[in-house]
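Got a structure for you, questions after.
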Amino acid sequence: MSDHISGIRSEISWSTSSQITIFGHDLVDDLVGKVGLGDMGFLELTGRLPGPGESAMFNALTVSLVEHGMTPSAIATRLTHYGAPDSLQSAVAAGLLGLGSTFVGSIEGAARYVQEADLGGDLEAEAAKIVEPFVAARKLIPGIGHPIHKPLDPRAERLFTILDENGLSGPQVPLIREVARQAGEALGKELPVNVTGAIGAIASRLGIDWRAARGIGVMARAVGLVGHVLEEITNPTAPTIWREVEEAASSHHSGHA
Amino acid sequence: MSDHISGIRSEISWSTSSQITIFGHDLVDDLVGKVGLGDMGFLELTGRLPGPGESAMFNALTVSLVEHGMTPSAIATRLTHYGAPDSLQSAVAAGLLGLGSTFVGSIEGAARYVQEADLGGDLEAEAAKIVEPFVAARKLIPGIGHPIHKPLDPRAERLFTILDENGLSGPQVPLIREVARQAGEALGKELPVNVTGAIGAIASRLGIDWRAARGIGVMARAVGLVGHVLEEITNPTAPTIWREVEEAASSHHSGHA
Amino acid sequence: MSDHISGIRSEISWSTSSQITIFGHDLVDDLVGKVGLGDMGFLELTGRLPGPGESAMFNALTVSLVEHGMTPSAIATRLTHYGAPDSLQSAVAAGLLGLGSTFVGSIEGAARYVQEADLGGDLEAEAAKIVEPFVAARKLIPGIGHPIHKPLDPRAERLFTILDENGLSGPQVPLIREVARQAGEALGKELPVNVTGAIGAIASRLGIDWRAARGIGVMARAVGLVGHVLEEITNPTAPTIWREVEEAASSHHSGHA
Amino acid sequence: MSDHISGIRSEISWSTSSQITIFGHDLVDDLVGKVGLGDMGFLELTGRLPGPGESAMFNALTVSLVEHGMTPSAIATRLTHYGAPDSLQSAVAAGLLGLGSTFVGSIEGAARYVQEADLGGDLEAEAAKIVEPFVAARKLIPGIGHPIHKPLDPRAERLFTILDENGLSGPQVPLIREVARQAGEALGKELPVNVTGAIGAIASRLGIDWRAARGIGVMARAVGLVGHVLEEITNPTAPTIWREVEEAASSHHSGHA
């Protein structure tokens, strides 16, 4: 036992010379070869291993977020790889840094209002309490609305179906559907629950703290960004992107001919 | 079709208004709810979905790397969260930045020499070609040796067992075992294949390019580091670490009382 | 001229084969050897070179922020260097990621309310408009108050003196002093303008947009964090920090003896 | 005095409730308002304040590196800002992560061979020892050669002039000029000392450890990248870059119309 620093402790993992324990599970005997990477994500976010339905659901959430092609994050990853080809981890980290309020904030925002609602109460009234301040402030409601997919977002609906198929139905999805309905009524247009709203609601059903819900996206995108580094190694795009952007950005200067 | 930038292309993913395709698979119909997060990692690293045995093996590799408790990476993540509590992604990125040559370099190094060997040739001779330059330069061989676990590293052995159980045996593991045997003989001590060597050899068996092998660790640790942010939110350690380190580092200055 | 991408342009810098122009200044003829690094920071933040007094003032702001010893950022930098010793830039980046709302947010917050005030109006009334919502919400006012330095923070006072000595006095400092006075009156205790409040007010005087005011700290700390990497190379602290934190964090587990 | 962690110490900075000391200098009395940001960089890299000539020279080195327009780093910074607009520090950090071997490695490489040479010896023989292994391995020599600027690189020559004007001439510049001459002779073409070679040689003259020479670029670019965030706030380019790159990368897919 250490007598050096007191007052800090972690319940995540501890080791002896013969054993690594993670949230109480022996790494070699209970986890490696027994559970998947997605299950480890669930374990990190909730402190316990998922049941079979929870595992299917959580993996589906992450799978839906792994890859979206040439996003700003993926481009940042590729440009970083170009400058630091020996540091795959730096390229992935650069891409993750763009997972802020613009792209994953709505997962967090949706999970937050779902978790702060009284889910044992009247969902119509709870939804009204959520919708009103956003409408009054003329702000977008996180997780609600889509420019193309309406009245329903097929990715959101797919996730809701998986939730039901795994016997995990709960008040979270009816609540967010009611939020979308009331918002649409207030604004006079069709507003679906979109995929980030679905993930926020389902994460809440799975017991994931909204303050870490953004982490579902971070886990998933880290997986995808590694693929972009690999493709950049074999088939580089960064030199072309650099040249084209630089030329375009300075083409209006007379000195640039 | 764009006529704006020519000469760049990506085969990873493309989208239309109704469909996202990832390495040729429809995201909603073929991936979400059908495969796990680890399978997506395999897909990103090889361009194809794993067979059942490959899926089990690849998930086992990543699971073995997700979590090691209060590593330098985890501490960096926690300290970063303290300064930027609104940016979970920054805290995870800071932790990933430490996954360089010290910790994941040996996966890459082991995968490299396994992939550069002639696996159809005489493994004893191939191993000798690998071992000799390291021994001559008095350098550590990536993936070989462990201060405690000898003659065998139980985590490495567990992974090798999973490989065999899934019918995936190949020349990669015999080669790296022969590398360890010859290195031990040359240096007169017992040298096991350690867990990073095992991962490097098995990744090679799975067809993962050594230049991206470090990415297995990056994917896995991103999952684990999210858990450290969450624990830091609920039970902070950073203020204590800061205070203790600062006091210790400046305690020798007379002006510091 | 490029006909590839249209609609993006940058006024910062453009190049020909013989010349690099930065905000209209020739790099080799007008900047290198003529201005200092701090002046370049002023140029990046305002689009113009500083006058002599502005240069002295802006350099003083940055100098006050370069170095604070073993901060959470500096520790994160050192731990990252330990894992990725070949990537000095990664270690510095990891440290910068902690410069979020906890440490530099108050510069931004103070600069914001100073810049949103009507500086041609009655400063007492303007200060009241700033103070009231914070007091009503029982929130700290950015840039106001210090646990030790009261009634005055010597670093803030030093910066104000430099401003006056350089003939740059303006309504910004009287306004923030009045904010501190009214806040102290409302809360019944002595509240000084602290160093981050001083920087926010002075940055406003220098014409620096509050949305980039955090960048003064980022520029400055990047300089300091390089020094921490260098000291870590010659006299490592990361292995000890790691060992002590890991032992402390897991010392309560019975399996850890 | 702390009795908690022993064995770590830092000589960079320490604080009491009334004083911050940096490399032995009182922050408020001796540094703020007395020295510039560039001088702080010199202090961090050498442990002492520069003399006037050293200050002019070091500032010139950094100024030459602050800004190069729409580099891959600057584009990564801008794309990251788009995703995480509340985290200026993340956007800058993302850009810094690309300052690896491709762009700043040659400063480090040049500084290394200058510092490993016997500067009191015969410079022609020392240069030969440097050049031969590179030529034998058909590798580029760091800091030597330029596609356009030959026989001389005007930025390098400008920096050498500043060195001489400040009375700081030494064997480092003659050595690297001789390296360039011999390399050109061996390869049969005109090879100038380029700007990164000049910086590596001059940094060596100033006593900056080659292992931290990359840090000169990191300090400088951090200053420049803040300017790119600010311009991105006021005149965004990231949405256009994203759209154009995504369209171009997927335009060859038949499903993409």
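A, B, C and D label the chains in the order they appear, each numbered from 1.
In this text, a contact is a pair of C-beta atoms (placed from the backbone, for glycine too) under 8 Å apart; a residue touches a chain by one contact, two chains touch by 3 or more.
This one's a predicted model, so the numbers in the text were calculated from it and none came from an experiment.
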item: Interface sides of chain C and chain D: same vs different residues, half threshold; value: same
item: Angle (degrees, nearest 5) of the CA superposition of chain A onto chain B; value: 180
item: Rounded Å distance, chain C centre to chain D centre (Cα mean); value: 22
item: Approximate Å spacing (C-alpha centroids) for the pair chain A, chain C; value: 31
item: Centre-of-Cα separation between chain C and chain B, whole angstrom; value: 36
item: Shared-contact residues (touching 2 or more other chains) in chain A; value: 4-5, 8-10, 13-15, 69-70, 84, 86-87, 89-90, 93-94, 97-100, 237, 241, 244-245, 249-250
item: Partner chain D, residues of chain B touching it in the complex; value: 1-2, 4-6, 8-10, 13-16, 19, 21, 84, 86-87, 89-90, 93, 97, 244-245, 247-253, 255-257
item: Touch list for chain A against partner chain B, complex; value: 5, 7-15, 17-18, 20, 22, 27-28, 31-33, 35-38, 40-41, 43-45, 55-56, 59-60, 62-64, 66-70, 87-90, 92-94, 96-100, 104, 148, 154-155, 158-159, 161-162, 209, 211-212, 214-215, 218-220, 222-224, 226-231, 233-235, 237, 240-241, 244
item: Sites on chain A touched by chain D in the complex; value: 4-5, 69-73, 75-76, 79-80, 82-87, 90-91, 93-94, 97-103, 237-238, 241-242, 244-246, 249-250
